[in-house]
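Labels run A, B and C following the written order; every chain starts at residue 1.
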Amino acid sequence: MGIAAIRNGDVTAFETVFRTYYRRLCAVAYAFVDSADTAEEIVQDLFLKIWRQRESLRITDSLQAYLYQAARNASLNHLKHRRIESRWSERVRAEDPPVARAADDDLVESELSRAIDAGIAALPERCRLVFTMSRHQGLSYAEIADALGISIKTVEAQMGRALKSLRERLDPAN
Amino acid sequence: MGTKVLGDKGHRGVRCPYIVSNDLDYTKLARFLAGECSDAEAEEVREWLANPANQRAFERLEQIWRRTAALPPQWDQDTAWTKLASHLDQPAPKVVALRDRWQSASLSVEWWTSRRSVVLSATAAALALLTIGGYAWITRARHQATAALREVATRRGQRAALDLPDGSRIVLAPGSLVRFAADFGTGGTGVAREIVLEGEGYFRVRHDSVRPFRVRTAMAIVEDIGTDFVVASQQQQRSVAIAVVSGSVTLHRPDAVAGPPLLTVSRGDLALLDSSGTATLTPNANLAPYIAWTEGGLAFDATPLRDVAATLGKWYDLDVVVADSALAGRRLTASFRQAQAVSQVLDVIARSLDAHVERKGRVVVFRVTSR
Amino acid sequence: MRRLAVWLVLSPVLGPVSGSAQVPRFLRADSGRAPVDASSTPALRQRVSLHLEGVTVKEALTAITRRTGLPLAYSDDLLPRDARVRLQAQEMTVGAALRKVLLGTGLDVVFNANGQATLVKQAAGSAQRPAAVKSQ
């Protein structure tokens, strides 16, 4: 089993585990920390720690669950210790090429996007995590469920909840 | 697979067409938008959409869905593995920030900074060890103590932070050194607290009106009047820069500390003393290039690439080469926050200067982009 | 809001623009250089109030970045040295402010995934020329 091999110092086994889980763990960390670089650092530090403590590695059930939990904990720890407010780490948003706008040397302010952003920030923690992992990172429901250690049904419900909350924010009368 | 229908409050268990507006099944529509629903469900939604009122409501959801799309980061696991693999066979480093509080006599700490491992043989009363994530900011400082003097020095790629017994604080840039008396701060009235600096340091001084705090470099003495400031002393160019974050300092020539100052430098000011001995003061200057590093960032202001390269080399312990002389003079203005990986910093610099950057281990090369 | 007035001393580097203003675009830092919708990028939507009169483009950029913390990188050699900018901004978005300041400079703003912004020269032939420059 992979874990036993790693405990024995088998680098190849370790590499396999690394390559299997790296991207998903980065996705988890990224949902918490806002900066892609920091997310990668967190995951790499995590793997390094696992390697260094491999002899005392004790994983009773799923390796996957263990890794996801560890990534979550490391991310939360990082948030706790982060010293500098990172105002500028918001992600760059992608959009379909905009419909041709009237030529204008000023920006048309979009109330909509502002409201949406505010709406996302106002979502309850888990709901926001699920929603941003889906929309910002393009993860599937199954991937989100694995990453956060919840059921797919919960993911579905949270996505619905987020959508409802955002919609009601935009159309309060309706 | 039961269909959960939220809209049919009066008909539990029986499927009904959705009631417009208030009772949308958001969970189902979210699944539909996310592409996570079954074919049968998708068909149901499409039937539902045949009603124009539903269509309108759905458009709103679609709009929200579109606008919340974002660029997922590209996780480069090959590079990540290569980086990780290079650390696997090394013993766990005691890579730490050193905050050094000592009582004058009982401390005798010595360690030497081989590449990755640090051996501590300390009888220190209170050594606080903290971890700072990110290998770019390894902060082990060489510390020597003799009977009379203490010295803390950093190498390329290292910073150090120390709290002095009087409550003042120094953050030392890479490749720098501070030296001070073992009985620092304990002298009687009028006995100055003096620090010798080679290189670059940030000083947050605990004000003491009867014991002036002085930073002495080869070119100048900077005396505190209760402040946060940075002194950057350039050995080769024989110049000194002083940036004051808060409070005021006075600038003197090394042999003339008792006399009137060359300059008084106050909050937001930048003072430069060049090799000819000329002192200039720029009020309300852009201090970012001088102080960004104290928070782990880096800033440049119209800095030629050759100097940017030297700074990057010092801060990240890299060998940075500008391969084309046409590039060396291109000027960069930029500021980088803490926790940006070197690769990102290099990419941004390359993009700004329309150059190509390549990194192999510790060697970084900037070239003109081939057309 | 007053109208922006920009006088440019044109250098050969900028190409034969002969007075028509080039609109700076906001782009992603990938190979496609896809456009970023400034109105849905938080970094660009932050609001700033500034009153700058007859300052250089560099001074205007410094004022914006100092006030807002926007991490902006650029080569000073790309900025027009002699052009003067007037920016009377009252709670203007950063995106709008940048577009005013960079109008006619032939530069685009490129964002990487971490939100770091860089100024780059617009590729020849791809600069947009608006049909009209509306006053505020």
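The rule we apply is simple: a contact is a pair of C-beta atoms (placed from the backbone, for glycine too) under 8 Å apart; a residue touches a chain by one contact, two chains touch by 3 or more.
As the structure is a prediction and not an experimental result, all values here were calculated from the model.
Undergrad: Name the chain whose C-alpha centroid is most distant from the C-alpha centroid of subunit B.
TA: It is C.
Undergrad: If I average the C-alpha coordinates per chain and also across every protein chain shown, which chain's average lies closest to the global one?
TA: Going by the distance between chain centres and the overall C-alpha centre, it is B.
Undergrad: Can you check how far apart subunit A and subunit B are, centre to centre, with Cα atoms defining each centre and the answer in Å?
TA: Subunit A and subunit B have C-alpha centres separated by 24 Å.
Undergrad: How many angstrom lie between the CA centroids of subunit A and subunit C, rounded to a whole number?
TA: 32
Undergrad: Calculate how many whole Å lie between the centre of subunit B and the centre of subunit C, each centre taken as the average of the chain's C-alpha atoms.
TA: Each chain reduced to its C-alpha mean, subunit B and subunit C end up 27 Å apart.
Undergrad: Show the residues in subunit A shared as contacts by 2 or more other chains, in ascending order.
TA: Touching at least two other chains: 35-37, 88, 91-95, 113, 116.
Undergrad: Touching at least two other chains at once: which residues of subunit B meet that condition?
TA: Where subunit B meets two or more other chains at a single residue, that happens at 67, 71, 73, 337, 340, 344.
Undergrad: Counting only residues that touch at least two other chains, what does the list for subunit C look like?
TA: If we look for residues of subunit C contacting two or more partner chains, we find 28, 40, 71, 112-114, 116.
Undergrad: Looking at the complex, which residues from subunit A come into contact with subunit B?
TA: The touching residues are 11, 14-15, 18-19, 22-23, 26-27, 30, 35-45, 47-48, 51-52, 78, 83-84, 86, 88, 91-96, 112-113, 116, 120, 131, 134-138, 140-141, 156-157, 159-164, 166-167, 170-171, 174.
Undergrad: Show which residues of subunit B lie in contact with subunit A when the two form their complex.
TA: Per the touch definition, subunit B meets subunit A at residues 21-22, 24-31, 33-34, 36, 57, 60-61, 63-73, 75, 77, 80-81, 83-85, 87-88, 92, 133-134, 295-296, 337-341, 344.
Undergrad: Can you check the complex and tell me which residues of subunit C touch subunit A?
TA: Contacts found on subunit C: 4, 21, 23, 28, 34-45, 69-71, 93, 95-96, 99-100, 103, 111-116, 130-134, 136.
Undergrad: Note which residues of subunit C are touching subunit B in the complex, please.
TA: 28-30, 40, 58, 61-62, 65-66, 71-77, 110, 112-114, 116, 118-121
Undergrad: Using the touch rule from the top, collect the residues of subunit B that touch subunit C in their complex.
TA: Residues 67, 71, 73-74, 286, 302, 330-337, 340, 344, 347-349, 351-354 of subunit B touch subunit C in their complex.
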